[in-house]
Amino acid sequence: MKLNELLERLNNLKRIPRTGWLLCNIPLGEVEDVAQHTFDVAAITLLLADELGRTGTKLNRERALSMAVVHDWAEASIGDFPYTALKHLGPAGTKKNIEEKALGDILRGLPNKEKYMGLWREYSEKHTVEAKLVHASDYLSMLVQAVKYHERGHRSRELDELWAAVEKDLQPYTEEFPQIKGLVAELRKLFR
Amino acid sequence: MKLNELLERLNNLKRIPRTGWLLCNIPLGEVEDVAQHTFDVAAITLLLADELGRTGTKLNRERALSMAVVHDWAEASIGDFPYTALKHLGPAGTKKNIEEKALGDILRGLPNKEKYMGLWREYSEKHTVEAKLVHASDYLSMLVQAVKYHERGHRSRELDELWAAVEKDLQPYTEEFPQIKGLVAELRKLFR
Amino acid sequence: MKLNELLERLNNLKRIPRTGWLLCNIPLGEVEDVAQHTFDVAAITLLLADELGRTGTKLNRERALSMAVVHDWAEASIGDFPYTALKHLGPAGTKKNIEEKALGDILRGLPNKEKYMGLWREYSEKHTVEAKLVHASDYLSMLVQAVKYHERGHRSRELDELWAAVEKDLQPYTEEFPQIKGLVAELRKLFR
Amino acid sequence: MKLNELLERLNNLKRIPRTGWLLCNIPLGEVEDVAQHTFDVAAITLLLADELGRTGTKLNRERALSMAVVHDWAEASIGDFPYTALKHLGPAGTKKNIEEKALGDILRGLPNKEKYMGLWREYSEKHTVEAKLVHASDYLSMLVQAVKYHERGHRSRELDELWAAVEKDLQPYTEEFPQIKGLVAELRKLFR
Amino acid sequence: MKLNELLERLNNLKRIPRTGWLLCNIPLGEVEDVAQHTFDVAAITLLLADELGRTGTKLNRERALSMAVVHDWAEASIGDFPYTALKHLGPAGTKKNIEEKALGDILRGLPNKEKYMGLWREYSEKHTVEAKLVHASDYLSMLVQAVKYHERGHRSRELDELWAAVEKDLQPYTEEFPQIKGLVAELRKLFR
Amino acid sequence: MKLNELLERLNNLKRIPRTGWLLCNIPLGEVEDVAQHTFDVAAITLLLADELGRTGTKLNRERALSMAVVHDWAEASIGDFPYTALKHLGPAGTKKNIEEKALGDILRGLPNKEKYMGLWREYSEKHTVEAKLVHASDYLSMLVQAVKYHERGHRSRELDELWAAVEKDLQPYTEEFPQIKGLVAELRKLFR
């Protein structure tokens, strides 16, 4: 795929809605898309990386930022599987396989393809501190967005369940990065 | 799931975009959703069933209509997998398995659950004349919608490829139901 | 009108907003359209028909489903008169006359035209059990949609009045079909 | 109706789509609404009134502007009847009757009610130079908007027919106000 | 600029969002645009001018209405500066200078250019009773719109602050026109 | 400003439209917002940084990526000045001053504030290779988006002028980074 084709393909992310919100009764006219979400994740990654750096955590900012930018590129060709679809996808790892194939397909022929495949694999394996940071940022971005939907009046069992699930998924990362506990607490106050 | 919960769940279909169009550069503000699409399929099924009936084909209209109404209910919980995701999903039949599980989940506890599961299975197996009619209607609805997007100025390689793929998928059904050949020809004239 | 012209005309229903919601302050970006509404009515008709069948009511499912699919086709050419316009339309029956002429116009030249005219007339006369079922489904679909708007934070005198009017219009049908009383009660709990 | 209630009611015009465009395949996400349209008509009325004044036509600008602002208020309660509905409405004058009753209803209890009823009647009777000017502005606003839709790629038989109908309806006014002939010619060049 | 070019330029106002709402978390899919806002201001100016006239205030309705229609034309080329940008714009009068230049640019070559420049200057200088009336109408339109957003469930610190700021800016005009005090009080009840 | 407040403020960027497109007749329902745009710029910066790195240019990827993420944060409080407003803003440097103050305001109290101010200043001064790369990416993202609008049928003098202006602004960067010449040429073919 030539660079212009890749850029056109990534443009799709401006039109791929984050399906989780749709299932919480958010209308298409105000649903977050994957490009907007990725902006959020990159901005939070940058802010947290600097904050963690300031308070002593060692990490590679370049890799963390690159991972944030790349983490959802596969969705440009396969869309965003809703949370509720995952349990029907089959054995653990199925989603990861699908996304890896899709990403490989999008990047085929690109000289630096393997770098991006590597960043994406690192992200999905969640072992390095940079991958953990991007996952934490991903979840935090959902809390912020949920607060904004809450401010617009949205209330539903589904939205409450999504919040609870995200808080639970965040748990290991608030232990890893205790600096974000205060932020989660502030957001929780705004959502309740 | 109680009936009110099922109805609320089906309401999701008004917010699930048909992903194929999004990948053809159709913006979220004018993308067809699954509820609109299902209306189209039901209306075309009704019109074709009567036309086929008039010209001698025997079929069970009640079953055909019910199948049209039910055929995409699973998407209320798993969304609409884009065409381009299918090749990464794994062995043939994977998509069918996922959808069947999702539909079973949505309908659990409903006294008439097995009737709808049966209609959906009949639809996905494509053996009966009713199932074939609904598939033909499904493809025809895409041609009509593509014509309307074309009228709004949309032109892209992706849209052309989608059209070609749909015409190809329609092929066995135009042989089965030669009465629709004229309709396809008219629509093709409007798209070119 | 050739079949492709009829299908293009019916495509309008994806762009005709249900005016009642607009007058309740629902923005154009999240208003239900007539195609989405018709999907709802067909799905509810199917579910109720089976439920009534299971509990002993005799009815013709094919006719009920066909009526549900057809009931708002006239709006493809005349749009959706808001509730508040009806009292200014003149003598009772005026709206029915307008819709009948519009439908006749849309269907002119279609071999099965009279079948659809007949289904629509049966629907608007509300005498048969099938017509009553479709009317009940039409009103129930409004309650479900109102619940979803309520979940998004919408509150207004107009929305409350619309709910009350729909509940009142449903009354004769909950007497006809006591099986739906529980459903209405559940929805009312979610709206209040 | 108290003044705050009237203002809330007029706010509906920001949500009432101009149905004619919807029938030309313009999606809800980019359809003009009645408030936007009224802004156009008022602006064109102001510009033309001054231009006509400069070239010798005598007219009462205050009355013309007031008429432009008021001309579609009735639509806040009855919506915008599509062009294609008019022929089914019954005897000539039916639409005028409906709108007059609706406007009376909206304005009931307002001390200056009769002034606005009078302006609206003057507008619909098309006898005075001011009423003719507002009608000319109404049609010109449609040509400008059609040009903008054309620039976005919209092409359809319906849009061409709408343009032709508007040009025909404009005819008597271009004779009355020859100063606008050049403007119509410029717009026609942009639409073709 | 020829008249058709000016009309095309003013058409931009249908696409320029009122930025203040965006900063209150109102999504693009339901944000008021400048054309809709101008309709509101013109309608309120008309209604208040007549009400003031009835209760003894002398004013020139033609000039007030013309001013209302013209007051935001500059935004067709420079957009709507958000409230929060003003404090960074530099010395008092900077915004006025920018708008005046932009308006001059839009109107260049128009025979009646100076009339509109004069109306706009009168509006921004706020000395005449007509200019004060249009400013009062401008603020009142924001209160009405805020009430409608409130009805849709929107609640935020930013929206509360905007309301408070508008009420404060309205103060001198409620003293000038005590007839509007009741209206403000009614709207406040709906917002709280 | 606490971190949660900063994140809520940055969320505004999902609602701030890129005004340049609005002035090219792109409707609000399909206009790019600043968050989507920033995603594009970050992705292009990443891809080009790696491509330049591969072909021998030395640059600091971390700083380039951080700059891309930060470059439009000020718009969260002042919105996006349209191109056509700049000439009315006063002496060169006015826009930069406004943005710098706005950014300082958003970041006040943040421990790492000076780092982001520094990145933003480096970006606006365009001296370093990283700043030049982000500017090139910014312009390239506009070409890609223009191609996508073109695919949807948008054609206008304004869009052509925007393209020409962007190509001209890109000129110094295609000289600096000859590796992007091919990309620009490919995109130009798609736009013409």
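For this structure, a couple of remarks:
As written, the chain order gives the labels A, B, C, D, E and F, with residue 1 at the start of each chain.
As a working rule, a contact is a pair of C-beta atoms (placed from the backbone, for glycine too) under 8 Å apart; a residue touches a chain by one contact, two chains touch by 3 or more.
Every value quoted in this text rests on a predicted model; they were computed, and no experiment measured them.
Looking at the partners of subunit C and subunit F together, the chains they share are A, B, D, E. Set side by side, the interfaces C-E and A-F show unequal numbers of C-beta pairs in contact, with more at A-F. For the pair subunit E and subunit F, the distance between C-alpha centroids works out to 31 Å. Computed centre separation for the pair subunit A/subunit E is 41 angstrom, with centres defined by C-alpha atoms. Centre-to-centre spacing of subunit A and subunit D amounts to 48 Å, using the average Cα coordinate of each chain. Counting partners per residue, subunit E has 11, 25, 27, 29-30, 33, 148, 152-154 as the residues that reach two or more other chains. The chain pairs satisfying the stated touch condition come to A-B, A-C, A-E, A-F, B-C, B-D, B-F, C-D, C-E, D-E, D-F, E-F. Only residues 11-12, 15-17, 19, 22-23, 25-29, 31, 33, 77-82, 84-85, 88-90, 94, 97-98, 101-102, 105 of subunit C touch subunit D when the two sit together in their complex. Remark: subunit F residues 27, 29-30, 148, 151-154 touch subunit B in the complex. The part of subunit F that touches subunit A in the complex is made up of residues 2-4, 6-8, 10-11, 13-14, 32-33, 35-36, 38-40, 42-44, 46-47, 50-51, 54, 61-62, 65-66, 69-70, 111-112, 115, 140, 144-145, 147-148, 182-183, 186-187, 190.
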